[in-house]
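Think of it as A, B, C and D in the order they're written, each chain with its own count starting at 1.
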Amino acid sequence: MSSVLELNDVSIQFGGLRAVGGLTFSIQPGELVGLIGPNGAGKTTVFNLITGVYQPTSGSIKFGGVSVPGHKPHQITKLGIARTFQNIRLFSSLSVFDNVRTAKMMHLQHGIAHSLFRGPAFLDEEAMIENEVFDLLDIFDLGKEASTPCKSLCYGDQRRLEIVRALATKPKLLLLDEPAAGMNPTEKEELMHLIQFIKDKFQISVLLVEHDMKVVMGICQRIAVLEYGVKIAEGTPAEIQSNPKVIAAYLGTEDGKGPLDA
Amino acid sequence: MQIRNRAFLLLGLFGVVTAGLTGCKKGGDAAADADTIVIGEVAALTGGTATFGQSSHAGTQMAIDEVNAAGGVLGKKIKLVTEDDQSKQGEAGIVAKKLVSREKVVALLGEVASGRSLEMAPIAQKAGIPMISPASTNPKVTETGDFIFRVCFIDPFQGTVMAKFALARGWKKVAVMTDVTQDYSVGLSQYFKEYFTKNGGTIVGEQSYASGDKDFKAQLTSVKEGAPDAILASGYYNEVGLMSTQAKELGIQAPLLGGDGWDSPSLVQVAGKSIEGSFFSNHFSNEDTAPRIQEFVTKYKAKHGTIPDAMAALGYDSAMILVDAIKRAGTTEGKALRDAIAATKDFEGITGKISLDAKRDANKPAVVLTIKDGKFVYVETVAP
Amino acid sequence: MQLLLKYRTQAFLLLALLVSFVVSQASDNIDGYVLQIMLVAGINIILAVSLNLVNGHTGQFSLGHAGFMGVGAYMSAAVSVEMGPSILGLLGGPSTLSHGVTFVIALLVGGLCAAVCGWMVGVPSLRLRGDYLAIVTLGFNEIIRVVFQNTSSSGPFGGALGMRGIPDYSTFFWVFGIAAICIYVVASMVNSTYGRGFLAVRDDEVASESMGVNTVRYKVVAFVLGAFFAGLAGGLYAHLFGAIDPKGFGFLKSVDIIIMVILGGMGSTLGVVVAAIGLTALNEQLRDAEKFRMIVFSILLIVMMIVRPQGLLPVTFEKKRRKSA
Amino acid sequence: MDQFVQQLLNGLFLGAIYALIALGYTMVYGVLRFINFAHGDVFMLGAFGGLYVHKALAPLLNALPWPLALAVVMLASMAICAALGIAIEYFAYRPLRTRPRLNVLITAIGVSLFIEYTGQLVFGATQQPFPALIPRQNISGLGGLTVTMTQVIVVVVTTALLIGLRYIVMRTRLGLAMRALSLNPTAAALMGVNTSVVISFTFGLGSALAAAGGILYASLYPSVDPFMGIQPGIKAFVAAVLGGIGNIPGAALGGMIIGVVETLVTGYSQKLGIPSGYKEGVAFIILILILLFKPSGLLGKVEREKV
């Protein structure tokens, strides 16, 4: 079985600072992988490398056999990678419906000319997109909020909407950047179910960056640990929990209870 | 309903809205009743060239007041309706239309600037209403049509006057500084150069600047290299004042030459001693001892507290020529009035004896003034 | 009836064109001054709606709209003055038709030249954000003015004196027909799935890219289309006043247009149309108080930003309900 | 050769005045991250402040030796403009502190227009002569070169203010607070920096600098009008961007470069065969090139958007 995503010896340097060094790992179809590490370990930088926001200094990133670097972020989305952001980045002046609709744009058969002439083909396509968006919103119980400005959604719903919006691009790989940040335990519980549900329902791979160990350990099949931009461990949740390097990285010392004991 | 459709509806309703808004102004300014003659004036009362506009307006208003005090014309009083065009492109056209269609004026006076007169001219021409520009010196203005007149000389003449003047003084090498943002300055420089080079003079440097510039050292340093006998500064007084001080600082002793755009007390205030001994052409000299001119100067001073400049005199003359023509025509009907204006001959104006030629331009002499002890002093009159 | 409802946007456009044609035929009965003000308002509508596409919908703050207007004005005037006679000759002398054809060619040339300039500004804009972009567009505006100013005074553009004697082709039909088309194009483009991209770019460029939105393309389209309509507005302006000069297309003209957009509400086509009409009328009302005009407008700008930055008629959210299939 | 040196001198002195105005621009931007579009207009108010202070105190000032009179006029006008600057910030910008930067820019344009047109109403549209605060004489003994006393004073004052400003920003508690604020306003506030006071101080200082610039400019080019601030304001802004906006020595460097380039283009355009009228566009062309190829300016730091 060939990997969905393959990072091979990827490094990036900002000025003198090496943010990520020699990172190699891969994600298999349908796999849910966690990426963890202390603050500033370079997790979000890895996301930005995969989605084309940054260009790697060296190394290769392949998605479904296609080399990612050199592509613009929007082209990478078209390849099939979608993401959410650490600090929610919804289109703040748009409604819930329009936020999701935006993601549908790249599937449009018709371009600018059709939106001007508004002929039958255009109207049909718009109706089809409307249906798709509503279907998706309904799955996540946001259908009734379609005309609400996204700013007025509650925090948890905004997080969810961001995930819905990413799913609307019909990705093969979904990158989630700290989706549990700022959630209370009940919401976290719901989120875990949601991620599982998405993976199964849409048949996609998920790469999850998360601080909350309970979430990561609870749902990930495999976990990679970063420290100072270097991968220090990789394995199943159980292996990671008992890895001394990881414990040292998180705690600095070998005793005491840390987040990994959760 | 969706936004775009509402926007369209709005567009439809728009006619009513504008008509309503502009309509509510009608009341007070209603058009002429039987015993007044309405004359429209377009002037730049605000904005960049407000100094000129305010002066010409003051002169025009004074003329109309005098005529009314003397009982008016054709047994009717004259009402002068003045509109401000803010020294802005486009506005002169709008207010000219307003005067023609709203106030039903029988004639238009204005503008000082050629560019804006050229906006008014087609409107007057189309409406069949005579227009007299007090001070637009660009030849193109009266070329618009047979209803358009002016009471001042034109740029080619003014350029020629200064070129003749320079040659007569034995100045064979002249450098030229042109304000490229002012068509007036561009034209003046061009006509000066044409006559000057054709008659044995050499241009030893050509530099340009823009209105609002304050530093001319770069240009003047280059000009200095050509060792000119004189420098033509064809722009307005605002920049010429500073140019003059900087020229002296750089050790340039050559006098500056200029046109009627210099005519402002501000020139001497800014330039101080440095402008002494420079020369410019103008429409009239307020030092002229002719009684009608001194009478005008006294009356103007009594009313406005300042000595009238050329714009005031031209504004006065433009109104007086119009009144004279109405008197001769015996009517305010457009064509008859036009013919009467066109027939103006040897009219004794403040700015000289004015005759209108076949091109509807004023045929009259220019005066050359110099600056001495901070005052504009008469040097000579140059006949056309 | 069903069909009319389905294609109501197009129907409205046709209606608007028809109405402007009818009014145009009867325009001799309208007071010349009122007509002039209406036409000025129409041109302002085109300018404001097209600037709104760039500043309001796409969120790229341009301070140089008057520059594009100037390019359109100059180029279209050059066509009708320099080439007009030969086009008229080809079409068998002056007639309503031949004048119309000449005008359309002139307007299109003006609009396309402006669009090219818009592209030239749009491309650098890709690298710049917010206030930097604003200053660069201001710079382009000034450069365009300086270039026209420094043309030869005997050449077609006339240097500082500008161009004179441009035929008066701009009638009610042309001005409001083009205004209607401009509103139609901007509004229907923005109100489509494709057009939501403009709004997405405005709200968050990084997120837009991650949603597969080609932000570069949207920004360039906005600039080019905005400049094209500004160019058309410039052409209409030139053929309305018959005289143009470089000073009329400077920074202050751009500010006039920006005030309309801000007052109406950035991104709100309806609001901007209202503001364009309202400010044109207000301008006439303040004519006698010209000294205070810009003071009033500048205070308006400051107060709006503090009290109501979304404009007087901000965008309202469209109600979306699932249509029973 | 002499001519070239003279042109270079012309350019450097012109640049010095741009640099002086650019200091205020760059400091406000450095601390508050927004372009104070109205800076050029405060500069104009500074010149008018000098004019009116001189009118009011003429008998007194005439009795003083000129350097003292200059200092009195300058300090008075700087104080007036500092107060005005603080007032502008308080009424127009403060309510917008948490709003998008563009809103502030639009407000700044509004403030700029307001000052210009109110100025036109109050001072009149026509230019007024500015008194000779500095004796109008040339420095002798330079061979064929011309340098005026005013030009020398401009360079001296600009240098002094540059050093003074750098001292305030780098060595004083308020300067430390200003730098903290520029890095992270929230964190600065949490650390006990009274942001309102610091911002007011920044505006006051910037406006005082503008006023000093206005008086020196008016002494160099002795005519003042309500719109005199627009051109130098834009040039100074370009200088600030060229040097790296937010960077104080950068502003000085940028000003000098703009001054020299502009002067050389003007002085040699005839020889190069380009209409010298194009010099109006020179500053903008420099600006566009800089923003396209080195947006951080010559001495500025690169900033990255956090994703």
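Everything below uses one rule, namely that a contact is a pair of C-beta atoms (placed from the backbone, for glycine too) under 8 Å apart; a residue touches a chain by one contact, two chains touch by 3 or more.
Values in this document were obtained by computation on a predicted structure and should not be read as measured data.
Student: From chain A, count the fewest steps through touching chains until chain B is reached.
Tutor: 2
Student: Have a look at B-D versus B-C and report the one with more C-beta pairs in contact.
Tutor: B-C
Student: With chain centres set to the mean of the C-alpha atoms, which chain is at the far end from chain B?
Tutor: Using the mean of the C-alpha atoms as each chain's centre, the farthest one from chain B is A.
Student: Suppose every chain is reduced to the average of its Cα atoms; which one is closest to the average of all protein Cα atoms?
Tutor: C
Student: Distance from the CA centroid of chain B to that of chain C, rounded to the nearest Å?
Tutor: Here the centre of chain C sits 34 Å away from the centre of chain B.
Student: What whole-number Å value describes the gap between the mean CA coordinates of chain C and chain D?
Tutor: 35
Student: Let me have the rounded angstrom distance from the C-alpha centre of chain A over to the C-alpha centre of chain D, please.
Tutor: It comes to 48 Å between the two C-alpha centres.
Student: Give me the residues of chain B that touch two or more other chains.
Tutor: Where chain B meets two or more other chains at a single residue, that happens at 46-47, 180-181, 210.
Student: Which positions in chain D are in touch with at least two other chains?
Tutor: Answer for chain D, listing residues that touch two or more other chains: 120, 275, 277, 280, 307.
Student: Where in chain A do residues touch at least two different other chains?
Tutor: Chain A, residues with two or more chain partners: 53, 85.
Student: Give every residue of chain B touching chain D within the complex, in rising order.
Tutor: 46-48, 50-51, 180-181, 205-210, 212-215, 217-219, 221-222, 224-225, 238, 241-242, 245, 249-251, 264, 266, 269-270, 272
Student: Sort out for me which residues of chain C touch chain B in the complex.
Tutor: 8-9, 12-13, 15-16, 19, 23, 31-34, 36-38, 40-41, 45, 149-150, 153, 158-162, 164-165, 168, 176, 179-180, 183-184, 187-188, 191, 237, 241-248, 268-270, 273-274, 277, 280-281, 284-285, 287-288, 290-291, 293, 315-316, 318
Student: What residues on chain B touch chain C, complex-wise?
Tutor: 2-12, 14-15, 17-19, 21-23, 25, 45-47, 83-84, 86, 88-90, 93-95, 97-98, 100-102, 114-115, 118-119, 122, 138, 140, 144, 179-183, 185-187, 190, 210
Student: Would you mind writing out the residues of chain A in touch with chain C in their complex?
Tutor: Contact set of chain A toward chain C: 51-53, 72-74, 77-78, 82-83, 85, 89-95, 97-98, 101-106, 108, 110-112, 114-116, 118, 122-123, 125-127, 129-131, 134, 143, 146-149, 165-166, 169.
Student: Considering only the defined contacts, which chain D positions touch chain C in the complex?
Tutor: Touching chain C: residues 34-35, 92, 95-96, 99, 101-107, 109-114, 116-118, 120-121, 237, 241, 275, 277-278, 280-281, 284-285, 287-288, 291-292, 295, 305, 307 of chain D.
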